[in-house]
């Protein structure tokens, strides 16, 4: 059988890759993709803890489904923001979206 | 786990068959490529510009409404499986749930976002 | 228990016993036998698919008052094999500027998304790949892969028509997926399970009687999901020169084409399983599993014939009408139907005799009638708008 | 090493490799397709964890809807925005450092925890995860409030996205 540690390490690695994408990339759409990776990493953890704990308690799975809804909402609004900015300023580079800097 | 193993086998075999067919066709077919033959087909005239044309924003709206309803149905499947046991309470709960999302559809509709123009 | 009652299990046990007799570990033997069984099943499906090519051409010919293939072999039965040989020896092309990897993966994914659907189809009480307890969502998931393959094909071809065609097709597919999924919920409510076999077992009354409107909406949404006429953006020869698969030729095109035909048969099968009792037919399925398979395939072919009938009778709908029809009519209607069904089911579940089916049937008819009245008054208003506008005459008097 | 461990390792390598390609690709459509590959890997992980419902939902929601939405959004922008030029921002090394440190910190934290290498108990036969989930979501003592709040959240997202992106005034 697979020990719990493997899932936790996988999820930590996935989370960190997503974190790197969010912090280092300029492109706003890639930043959103990075956030998706991080949310998935969280979900892997939730499901792993459901499986390795008491499986009759469904909180882990319910939480994971709520995370799906949150991810969907985040993508919907995030991409809408990107499109809105693109239409006004003709760029999707996060660094150039600096109207509120001052 | 066992039943997912079968699903995995179906995925693998389902890929092997088309890969095999395309691979065989690739081996048996002639290979006489030339630049004119490989040009993009555009009804007989030379292609102009990029294939990355500007798309309508409506595509995004439809995908957006689809996304919201798709996530909603994911909640509704477990609800439907256990509908018999919980009686009227669960039914009303589901009706409230669906109604809230129908409100979103109506909002999009009233904003004129479901028009293709 | 003998071979004629449970052929799959007996055959599998026999093979496993032979393999373990050769000194193979039991687990490996089990996996190998499952793999071979899957390979055999999918090969049979591909043979069926070849037969479907012939069937489709014969039926369309009859609809159009022609004879169809009739030169090669009896009734032209060898024709599809000639087609395959032609596809095999055609040149394998990749258009200039295409994304080579994505371009080549797309037709494979398209075919795979259809083949994997058969993993959960219960062909008989004891003959099925897997009785997945999330079977209905699995159908939707396979549809997601099919959508993805179309996007990949259209985008990677580096062709404006292919890209536009793919995006239109995908917009239609995702839109009609919503009513389809809502209609998948209705058998789930009745059967209290998402497993396909459980749904068939629970159908003492065919669900088409409990929910005729549901079956109709499912059929419409399935046709759109398949991308067949009247929702066939992919075949829009006049405006899109055939859509996302324009740059494909040879076997790669063959994969899209064969996938489409098998997909149509598969959805005929799903219609049969979800609403027309699957392999059950007045207790005949209990006689022999082989008879059950024949019953299910017969029902699936009838469903396939209906899909063809619609395809060769209706004209293509314009994309804006298609999407408006879905979002402004079909989606609200299917969710209203879902709510009504859930409510009626909770209220009347315990009642005995014919009250339950009759009231379910009548509530469906009522919902359909109200929806049609609303649609009718709407179209009256639309027509009134157009009658005021005079066409510009070519030759004014 | 058992068969399930080998499957896990293969899937994990594919998942993490695709995840790296997501953050490394220059082409946005490729990034979205690599995301699909990553998410499919995560779906297999769910199947390995006996969470079949979530595995299917992962494919339905992420590959069917979210990836499609991403690709549509990418196609709404122009290609000249997407290729060429420097892809990483000036502080990228800081981002990399933070990511590595986070991984190290998490790993260290895990190792000091006693339940780290716990193994799973077998699923009792006849355990109906989907039914249990349905009960949890619909019973009055379960998660009714999150169930309804999710719908309000989705409504808010839909209204917000439509308003932000396409306010025609």
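Order as written gives the chain letters A, B, C and D; numbering starts at 1 within each chain.
In this section, a contact is a pair of C-beta atoms (placed from the backbone, for glycine too) under 8 Å apart; a residue touches a chain by one contact, two chains touch by 3 or more.
Just so it is clear, the structure is predicted and the values come from calculations on it, not from any experiment.
If each chain is reduced to the average of its C-alpha atoms, the one that sits nearest the average of all protein C-alpha atoms is B.
Farthest chain from subunit B (centres taken as the mean of C-alpha atoms): A.
If you average the CA atoms of subunit A and of subunit C, the two centres end up 33 Å from each other.
Taking each chain's centre as the mean of its C-alpha atoms, subunit B lies 18 Å from subunit D. Chain centres here are Cα means. That of subunit C falls 29 Å from that of subunit D. Touching two or more other chains at once are residues 4, 48, 50, 52-53, 57, 60-61, 64-66, 68-69, 72-73, 75-76, 129-130, 133, 135-137, 150, 154, 157-158, 161-162, 165 of subunit D. Those residues of subunit A in touch with two or more other chains are numbered 65, 68-69, 72, 75-76, 79-80, 83.
For subunit B, the set of residues touching two or more other chains reads 3, 7, 52, 55, 57, 59-60, 63-68, 70-71, 74-75, 77, 80-83, 90, 94. Taken pair by pair, the chains that touch are A-B, A-D, B-C, B-D, C-D.
Interface residues of subunit A facing subunit D in the complex, by the touch rule stated above, are 1-10, 12-27, 29-30, 32-34, 36-37, 40, 43-44, 47-48, 50-52, 55-56, 58-59, 61-62, 64-66, 68-77, 79-84, 86-87, 90-95. Subunit B makes touch with subunit C in their complex at residues 3, 5-7, 9-19, 21-22, 24-26, 28-33, 35, 37-43, 47, 51-53, 55, 58-59, 62-63, 65-66, 69-70, 73-74, 76-77, 80-84, 87-88, 90-91, 94-95, 98-99, 102, 105, 109, 114-117. Residue ranges on subunit B touching subunit D, taken from their complex, read 1, 3-4, 7-8, 50, 52, 54-55, 57, 59-61, 63-68, 70-72, 74-75, 77-83, 85-86, 89-90, 93-94, 96-97, 100-101, 103-104, 107-108, 111-113.
If you check the complex, the residues on subunit A that touch subunit B are 65, 68-69, 72, 75-76, 79-80, 83.
The touching residues of subunit B, when paired with subunit A in their complex, are 57, 60, 64, 67-68, 70-71, 74-75.
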